[in-house]
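After this come two complexes, each holding chain A, first together with chain B and then together with chain C.
Let's turn to the complex of A and B:
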């Protein structure tokens, strides 16, 4: 391994997560575990109809119920609209509580705070809402029909239910298709599914006598929640402190201000008592954010030898009732339509469409799983039609380091070719595919994903990632960062990065994270696989400043020549050329403090991607092979083995990366085979884990993986994205394997036994 | 002792009719005194008869290590041991647990500084990510290893199938249980 990557033997080392002992003993506190003195319990009243005007809300009976301390509706609040895309205020279409109209079953209407959860729940039943029902639309086609009701009316800019669109044009699309040898044109439907994080959302707020809010919330983005809670409450950001306790998973579903955050803070202010709201699983499955379902049309032109010459890609995203993170999904779907292979000519038209369904939001992969399911499935179809093996077809077109999407992005490191070659070799793919036993299939899918976003949609005035490092004469350091560990392991990896750079053991790094009042502004949070690269770079920036100061001490003490390099390892600061000439880290800090008359040695570090195109500073890549068995009588698919080769740059913590991979496969298999919302007239019918199936331990296949060794120049120690992109390739790989086993090519996810039996003529 | 049918009667009655009657009107909501033996300690609490064990553990006894993930017995986050058997404490009424031995995640480590073998294996094998399913997983693993110290991989997967995890894909959890089982057998042999 490259020595610059294996710094102080800490980079590339499997270190158990630092919060594991607390979690395994039940001591780790999640928001719903925290109780404050005098705390009230809050509950939220949700719309029972999909689309209606609110004529009247009568809260008098609820207020009169003994034990009820507060009931609020929109009329009690400042009614400030919010949304994550602050750069474009017209996309901010949501109110904490619905004012004059409800737009989906589950839209929040009122909130209650009471001395017990039971009383709060009973009070909800006493609130009377008079509705005037409006016709509703539950899919993209109906929503775009000329007779469709306007879901967000009152805004003169809105002339249809398309809330926004995104266009990409590279080259002359008409000319390219005219010259094509072979054109593959298909329509796909990709479905929605749930994050199904195990911890239902919760919030707990207290407000002091000066009106300053402390909000504990299950979030991946403390900074975003801080800013949007401040704007919706019409108070300065500095008066809002957001604390992220342990978070039980997010996967994109916890990256916005949500109604319960606002309602607990607002009712805490009015009552003078802390208010906690804890959602149920039924809430989460019935009305929670979800992945965007999409209708995608894709047309790809090839030369005779399999070289891709053009692609025309059109996506309609079912956004549900509000924009949420839909703009990003629309943007990234178009970006990933053009990814992983070289498309010299590319056209994208993406439309985000309002419907009267629960809003779709960010979810692991963020538009890429949908786009790449289509792309990868078409590659597998084209391979059959062109009579080229799917490995060769991919290798011929695969992106390599230095490739560009004109005006969008440049690929600074790519291990796609190596991943495809490796996974084919690991599985003996071509040989196996030629000699498949009956009812068995083998298929391949590839992916790429971003390492955080470049585009400043949140319109922050601060650096994208920041941190502070404080070092002490006892030889320890304190790292302060707003970044949010929601289970992915960033608290461990960030400590590892600082420890490696300062030459200290991980145990000597103390960490304060996820608290907006204690940590430097800002960090945009956990989404888009951004934390390791962006916060890691901010940490290296701060660490460099600390090392510059401490190098002076070693240099002075040992009268080092100006050309001498000073090294930091084994808790020592020393001349690289002569390690004996050195002092301990703690001594160096002590000298610095003395030399500066008692000042504390601290440094701030920052990172904001600049001049990195429109999308991301770095892309991960990888390839995955699925091997399946399909029962011809029942259509039941058993995934037997999943093999992955992935390029995430330098692996900082292999234990963490492998855990991400295995978890992504669980989510990928669920998405492909068994997870789907059963909807009727806008109502989600499967609201328990009994009816909404996520794979259990028995359902999982054998998992084999290999990391491809690459170095990302923009990443800390060469690291880039790991874990989020891995959820992408499973669906196309399984889908191709099912095709090999049964002849059924799935263009409408999920792949169910029923669809297979219909395709094979059994029913 | 309360029978199973009575348990479902309470549960059903409470959840179906809570929207139609005020709490005071529902007679069965009156509080009763229960004595619970949790992790070897005796606790007394006055609880509504319809309160589930997990609610009493978390709210009255402040043992919040046991998590609530679904309240329908599907996810296993609330798994505890009742007389040595793993049960969903969200489907168990508190009054049903009277006079039974209750073990929660807080009760299995040897001390504040020393973990149980299963816990240690979960930490070292990377079986924990967000950690929300972890207490329930550990209790299910404990139930399994208490009755079968040499489970096969399939037996481990079957034993954990009532516990859902969204982060890990279960691979490292299964590995942790295997490692724990080896260590338990080692310590038995050494003795």
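Let's turn to the complex of A and C:
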């Protein structure tokens, strides 16, 4: 093992989450727990129709209700459109409150602030909205029909309901297919599902006498919310302070400014009283963001020996009523269509299509689960047709370190081959597959994922990740960062990284995070598995500057030769060649402060990926095997075991990675087998966890895993993404296992008992 | 949505509860475990001014043998049903159904009688109680009455209970010695889920191995949990076996009238009735033979 990977015995050490005691004892404060003096309760009125012009909104009766302090509609607001893709303003298609039109059932129309939640709810029932109904479309095909209504007709850039497209062309596609020995061509439908984070969204805003806003909100991107709230309120960004309290999960669903953020801030400004809005589970499931459902056509050409020669990939994304993070999904789906195997020739056509459904947004894996469900299922089908075992077929085509993805980047570390080999070995895959008992199946799926994004769609002027480190003569340090721990464990891992580098125990690192007014600008937030790599690098940058200063103290005190290396460990600063020649960390800081006439020793650290292509600075890889049992009479699938071998570079906190893996498998099983929205005419019918079915603890299979030892040169201590991408391989692995058990090959997720019985002629 | 304000009443006897219920009429609801009631309150599907909580009434959570019957009091929790040895020994299908009702948290709060009075067509515990010929003892201010469970349900969420009435207990006769029973359930999420379809069966044999008593009850495939009398009848006097069981299962399928909804299609539910009925009969037979 690389010695850098085990710095001060802290890298690679399982450290329980620092926030765990507070969370499990109920002491952690989430936005909905915070009460400010004089606080009002806000509620939002949502559209009950899928597509309509708003003719009139009568708020008089609601305003007259005793206890109601404010009622707002779009006409009371600056009506500034917003969206995360600031680099392309034409994609910013959302208003905090609908002005002239509603585009889905749940579109926000008005907001109320009252002295109690009950009164606010009652006030909503008193608001009268007159609609002129417009025909609505609830799927991509209907939305692209020539007779379809235009969903964003006010935008001159739009000539159809395709809000944007993405094209990738590498090599001569026609020629490649003409010479192919074997072509695999299939159409797939992959469905939408919910983040189902445990904490429904909430916001709480107060506005001071100078009009400056403090917003507490359940977000994974404090900086993005700060900037977009400022623009929609038409105030300087610096007048908005966003504080992220404890957050109960996000999975991509909390990375935008949302209507409740704006409404609580705007009504707080008007009333002079804090306003809190807390969503319910029903709100979240009925109208919340969700994963993009897609229709995908994929054609892959192979040589006789199984070498892939070309791929033609086309995806139609059901975006719902607004762009949200759809542009990124459209890009990433195309990028992941060309991932994990070498595709010398590749064509991608991706179309993001508006429909009158709740908007799709970012969600764990983000474009990759859909693209790789298709790719991996086709690999399994091709293996059958080419009579090559699925392990060999994959190994033949797997990306390796140094592979170039045309027009994108060069892979700086890849453990895919090792992962596939390892998982096959761990499960005795080929042997087991040959001798499957009746109704049992074994299947494989592989994945890759990014370690943060490079493309600056938010168009920030600041470094992607920043931090400040302050060190003190009592031997402690204070780390300040805007990064947002939403449950993934970054508050623990970032302290671990700084502690390892400074040679301090983790407990001696104080952390201030997720507060835009108190931490350096900026951090883009928690998405795309960017925090460990980008924030970790920013921390190492700051730490290096601190160590440089403190090394001077040791050097002076012990008259060290200029060639001597100074080490930091065990809370000491010392000559590496002669550890006795050293002082405590606190003493070194004290000397520095004396030497600098009372100045505080601090350093800023930054990271922005540069010269790393357009997608990500580092890719992780992995392979997963699912073993299932299918009841042939009921079609019920029991996932018995999931085995994973994954390459996430250096594992900084094994306990954290294990938690990510288990969570990913739970989410992956839900996506594959039981989670889906029941929709009727644009309305979400299953709005509780009784009918929106996520796997329960008792449904979890046996989980076995192995980490592949790789070192990512771009990552802090060699680390890269761990966890988000693990949600990808479960669906293709289970799907292939179900095929082995039943003969049913699923091209339309999810795999339900009923589909199995229909496919096997039982019903 | 927020729960509307109400007054919480805390009677100390069932009699007091009855008179409160009579006094406040339709403006009051009874709270036992509250696991169904609170959801209705939150969704505003009921908006009572008074909630009459039975929690402070002593000694009404009994599960006891008396006069050849098992009596289950109105506040007996589902978790108590799961663990009770008399139930495990004499009514294993009920113990099984209770053990897979919702989650451990709900079972610790929810009561068996509440689960039945909620009258969901898919209630896990309804079909076992039907095959065990449970009787419902109902209290009111005039005179108590007793009704067989198969006459208790009148529609989804509806029972014969009239305004002001409270269920005091269930009485379940101890089955004869050579009896076996079974509860079968299928649901899309597998282990922790509302039943997509559920079936209970019971078979009693005589010394010659002929069926003397048969019961088949279905859940989630009709507006109420139902008995399939036609299928039960054809089994009487027969030597049990795959053919006659298959025939009974086919009849059960035909007698069911499931709807298609977001949880399942009617086709799937009907197919499951046949599969689960056959499994329940087979398991009942196995267990009867062991005795």
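The working rule: the second predicted complex is superposed on the first by the 763 of 763 C-alpha atoms of A that agree within 3 Å, B and C clash if a C-alpha of one lies under 4 Å from a C-alpha of the other, contacts with A are read in each partner's own complex, and residues count from 1 in each chain.
Please note the rule applied: a residue touches a chain if its C-beta (ideal position, glycine included) is under 8 Å from a C-beta of that chain, and two chains touch if they have at least 3 such contacts.
The structure presented is a predicted model; accordingly, all values stated were derived computationally and were not measured.
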For A:334, decide between first (touching chain B), second (touching chain C), both and neither.
neither
Contacts of A:617 with chain B and chain C, given as first, second, both or neither:
neither
Touching partner for A:690 - first (chain B), second (chain C), both, neither:
both
Tell me which of chain B and chain C touches more residues of chain A.
B
Would you check which partner chain A:390 touches, where first means chain B only, second means chain C only, and both and neither mean what they say?
neither
Once the structures are superposed on A, label A:121 by its partner contacts, choosing first (chain B), second (chain C), both or neither.
both
Is A:306 touching anything from chain B or chain C once the two structures are fitted on A? First, second, both or neither.
neither
Which partner does A:197 reach: the first (chain B), the second (chain C), both, or neither?
first
Quick one: classify A:698 as touching chain B (first), chain C (second), both or neither.
both
So in the superposed three-chain picture, is A:280 touching just chain B, just chain C, both, or none of them (first/second/both/neither)?
both
Chain A residues contacting chain B in one complex and chain C in the other 118, 121, 280, 690, 694, 696-698
For the complex, which residues does chain A have touching chain C?
117-118, 121, 280, 282, 633-634, 636, 638, 673-674, 678, 685-686, 690-691, 693-699, 752-754, 757, 762-763
For a test of understanding, state which residues of chain C touch chain A in their complex under the given definition.
1-2, 4-5, 103, 186, 188-194, 262-265, 267-268, 271-272, 275-276
Under the touch definition given earlier, write down the residues of chain A that touch chain B in their complex.
14, 16-17, 19-30, 32-33, 35, 65, 118-119, 121-122, 125, 195-200, 246-249, 251, 280-281, 486-489, 655-656, 658-659, 661-667, 688-690, 694, 696-698, 700, 703
Listed in rising order, chain B residues that touch chain A in their complex are 18-19, 22-23, 58, 62-72, 74-75, 77, 104-106, 109, 115, 119, 122-124, 126, 128-135, 138, 154, 156-158, 160-174
